[in-house]
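Once you scroll down, you'll see the structures, which are given as structure tokens.
There are two complexes below, and they share chain A, which is joined by chain B in the first and by chain C in the second.
Moving on, here comes the complex of A and B:
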């Protein structure tokens, strides 16, 4: 009996639903063993997990908070990956968006009307993210550098700029108004007119608060869907992503499209940065152990992959992973070390990504030995001297 | 090519055949590649394996070389059953194969390539090689079988024909008693092909077995003693080549009567005004050196001009420069008197230059996109396909359905990915799409390469129809028969320059072949 893995000739539609569900179920089975060994009751832990992600008082609100940045970075990655352009710089583009949004909000000051400030924050966040995203784009189209490396490196550059603005310089963003602020560096706080509103549903213990950023991300997903499915631009992006030679053959201006996609991708991540400032921190969080330790940009890559670059699936996956992260915070405690939370999240992501293989390939048990094309060790040949 | 009259060692009657494959069945997911195939080849014969693409020739030879294991059936060599677990087993049993795409390491010398992977005592066994003894043996083998190559030359310095000789030497060096040649003439000039046939015959005369895979009938007739025809994974017949006409073999191969393209079987041309003019074009190749040097040509409306030449003499670069894909370093392309913007495919498309590219899957279509999307690859900017920035998905679908119907593309529907089409249907899709644009000039590069006989017929009829519709056709092909069957004029490319111009009605294959080889007398 041997195990054979062969490519599926057809990929039935039901598989793309069944495989992720099966993978998650499998992950929970594996995790049950880990929990059992470490002396926890798996069923109890899972109930807690689900409860603290979606059911308990305020759980959903916290999940929306955790999911919002993941939606932006996931959509940013998906927008680029669809064209086989590997922008993994959403992390840095998000920092730049935060810098841009915070800058314009400070510039407009406390007297500007709130909708104007919010609008300006979104636009400036997108612009800053797009500019940062265009750097690897320009390098790729004109100097033929590998965008994976350049966009990744620029994440660190953006992180250092962010830290420098508040900790190592007397920049516009830094609060220098008091002696205390001078000795303990911090960013200027936003005024209330730059706080983004929320959508409050329900009341009392069952109330759910959805941040504006989450809703903007859903809107971006709709726009991306229309852009990629129903416009000439989207058609060109698909052709270029599939074969640049075919695109050139068809007379498409591939360079411009690649630059546009970098700008779109960076812009979406940039709005994610604006949302961090406007929805949550209300200041530019430059602490190297703050925003920069959240790794939203990298998690977004996983979100995009699990959502198969489909904008709506990315939103759903982003929401679920947000729930998982939120539950992780709640679960950890004296008898439940944070390492175990990490193991659990890791196993779930690992199984979900690994399960993708089963959509394209199928595994078969066969009684006969498989084709052994690769093995080159001398074996006996019967009947031939 | 009348080498067929040379003496033919027909193997000792009564003795067990050198190769006997019985009841070979091999399944791939969704495909029955070999269905109870029987195949026998005697020592001392050249045995042709004839069949269309997908008939199971490659699968059968991959089973014989140990790359695949058959699901059912058995293999005997000289009467002894064998079971190959890996290609090495087959190699050690004396089976050698020359693949269509050579397995050579370009920076290594001929001798190094020949002993690569060898574990013998005199070869690359252990740490040391003995270059002198290897070189001597390579020279000796080269002389004996007229496949001489300098053993110290590096592969990248050699022509395609010489590289093939290295592959043959590799098999001979390893004492292959059975040599499988997979479509060996696809990359050769007619003269080189004839020289190859002499080599194959001399190997057979020594008692070796040569299995010659081909879908070119006249070659099979010229070199093989017997031929086994495969169709749809089954063997149709094994006959002595002397007993079957080319027409009969073709009928066996496709399962019906076909019209073999004979020379000059198209209507008298009615060329009118000049449509395409190429003036003093110089085009750099991928490696920097000029692939096309100071080339001029013209094609009139309603005329088919054939560009002959051995692969890699600038054909691809010529087609790409005319269609704007590749920037020329100097020169000009005019269509109906108007100069095209160089290096701008959109300018060529706008002027009515249609292009059937050599690489139809990666360039002619976007492989992972649907047939519907690919049917508007060039016309998606047009008003009936898009409106402002938006696509009109319904009209794209309707357009694709019409294209599928008019050009007889066999597919379950317009949503199928282009890569899932067979070669012939893919080419029909590309040709159909290019004709839809009402072209004034058609540049067709190797439009029938890798297609089966039925599909070749269809493509040829489309090209003839285009000429009748006053399109100027530039047919670039390595298949001289195809050019002779279709072209009104033939020009020959050698190392990026014109090395001859011929009227196909009055010139011989030998004359054109000589120009393809650079015009040197042998």
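Moving on, here comes the complex of A and C:
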């Protein structure tokens, strides 16, 4: 009797729903054990967690705030990973988007009409993110450089540029209007016309405020779905992802397509940066302990992987992880040590990654020699090409 | 004041001395990552493993009451053990479960990193904002610490620095002169051929990912036991990512890791030293330089001539599935 792992000929649809849910349930069990061992009552922690993420007064509003950047970075990662492009630079592309959006908002000044400013912020954020995303893209397509490492390294470069703009230079973004501002570096504040509006639902204690960025992210998810599922471009990129050689033989222009994927991915992360400026901070947050310690880009990869790179699932998972982060932030204290959120995210993702095997492969006990399974469709997630 | 001490007070000597101190955690972590990558497994969880190694080493430092030598050895051992345990998760997911190495490694960094397990442990074991009991001290080797230039730089460092040199020599011999070492390289370059030769690919990958985790843990311990001397969340400050960069920068060769580690270590020490000597510097520029240099090197090795001579292990990042070879 040996344990056999065979590739599935067909991946049953129900499994791709059941496995993630099962993984999350299993992760919560593991987490309960960790909590129990370290002397916390897991049921108590989970109830508090759920309550401060979704139930308590104002909790849902805060969850939307926490989820918005994760939707963008999650979609950015999903857009690239689905096409076997390993852009893990959403972090840096988000910073660049924030820089671009803040720059254009300051440029347009207090007199421009609000819709124009907001539109310009989205466009410039996307453009800045796309440009930053195109660096690893160009290096990959023209110098065959592995994009994983270059996009990762560029995150740090972008972070240092962001800090430098406000803390160590007299840049356009920095507020130099008063003596105080010159000695305590800070970014120029935005004027009201650059504040993004919100969608307010309900009233009184049950009101929920949804930021514009969240709605834009949902819109992007729809566009991504259409682009990848219902256009020639999407089909071609999918073929290139599966086999670059086959795509080239079929006459597809592989370089352009891969560059486009980098630009799309970076652009989405860039709009995430614009949303940070327009929706929440209303200034360029360059503090090394601020935006740069939020790790939205890396968490976005978790979100994308949990959502199995499906745009709509990414939005759902982003919302749930946002809830987890929001609750972790609210609850932080003796009963809920800091760091628990990261641990939970990690465990959930480990379980989901393990569960992926069950979707792609069949595990069974058998007594006979292994039968080579015929490969019908390439797996959606494979290692580095 | 003697001539020697005047020379040894100069900017150059102090930067060189600091370069070795800051470079040592990078060297340990990079040598570990190099072992994993040479066996074909990319582990992006270095930062997380370093942080957990750092916090667990400091825990031993705080809780164990014995002579300094015993405590420090136990602390480093604990750091290695915790790093190895964490890397076991990665090894299981990518070798046995054939999961995506990038996502799994990043998950490990998130799980164990500054917002995860390391910070949880640091808080739960109440290790934040307490001074360390024991620390690695600089050793005056052969009494040569006062010799101009080489004295402070080479003969007056902590045991960790000398251990990292010994480790580098061992790894060079291991990878080029021993059967196991050659097998590791075969597993990383052509796992199907290695398998056909009767090498157990999965076992080699497990062992080297675990060794890599252990060394990352030791690298983290350098911070809490020597450089910083206490624990705070995120104490490694991104050294794990620089270590990943360093492996590429060193063309996957241990001996070049030493050069790269001290270069990158020097770059992180230089802005402070320059400021201390009254120069006006842009710290962000120097901090970003290792990352930019790594990108430049990566471009160099990925095209044309460099790819064959200096490039990454051919099977890096690719899961090995015997039935599908």
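Just so we're on the same page, the second predicted complex is superposed on the first by the 343 of 385 C-alpha atoms of A that agree within 3 Å, B and C clash if a C-alpha of one lies under 4 Å from a C-alpha of the other, contacts with A are read in each partner's own complex, and residues count from 1 in each chain.
In this text, a contact is a pair of C-beta atoms (placed from the backbone, for glycine too) under 8 Å apart; a residue touches a chain by one contact, two chains touch by 3 or more.
What you see is a predicted model, and the numbers here were worked out from it, not measured in a lab.
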The chain contacting more residues of chain A, comparing chain B with chain C, is C
After lining up the shared chain so the two structures overlap, which partner does A:233 touch, if you call chain B first and chain C second: first, second, both or neither?
-> first
Touching A:249 in the superposition: chain B (first), chain C (second), both, neither?
-> first
Determine, under the contact definition given at the top, whether A:6 touches first (chain B), second (chain C), both, or neither.
-> both
Which of the two partners, first being chain B and second being chain C, lies in contact with A:339: first, second, both, or neither?
-> second
So, A:76: does it touch chain B (first), chain C (second), both, or neither?
-> neither
So, does A:90 touch the first partner chain B, the second partner chain C, both, or neither?
-> neither
Does the superposition put A:349 against chain B (first), chain C (second), both, or neither?
-> second
What is the shared patch of chain A, the residues that chain B and chain C both contact?
-> 6-7, 370, 372-373, 375, 381-384
Would you tell me which residues of chain C are touching chain A in their complex?
-> 42, 44, 89, 93, 97-104, 106-124, 233-234, 238, 241, 244-245, 248, 282-285, 287-288, 291-292, 294-295, 298-299, 302-303, 307, 312, 316-319, 323-324
Across the complex, what residues on chain A touch chain B?
-> 6-9, 230-235, 238-239, 242-243, 245-251, 368-373, 375-379, 381-384
Complex interface listing, chain A residues touching chain C | 6-7, 38, 86, 88, 139, 143-146, 148-150, 152-154, 156-157, 160-161, 163-164, 167-169, 293, 295, 298-299, 301-302, 305, 337-343, 345-347, 349-350, 353-354, 356-357, 360-361, 370, 372-373, 375, 381-384
Which residues, counting only chain B, touch chain A once they are in their complex?
-> 29-30, 67-69, 71, 77, 80-89, 92-94, 119, 323-325, 344-346, 348-349, 355, 357, 359, 362-369, 373, 377-378, 380-381, 386, 389-391, 393
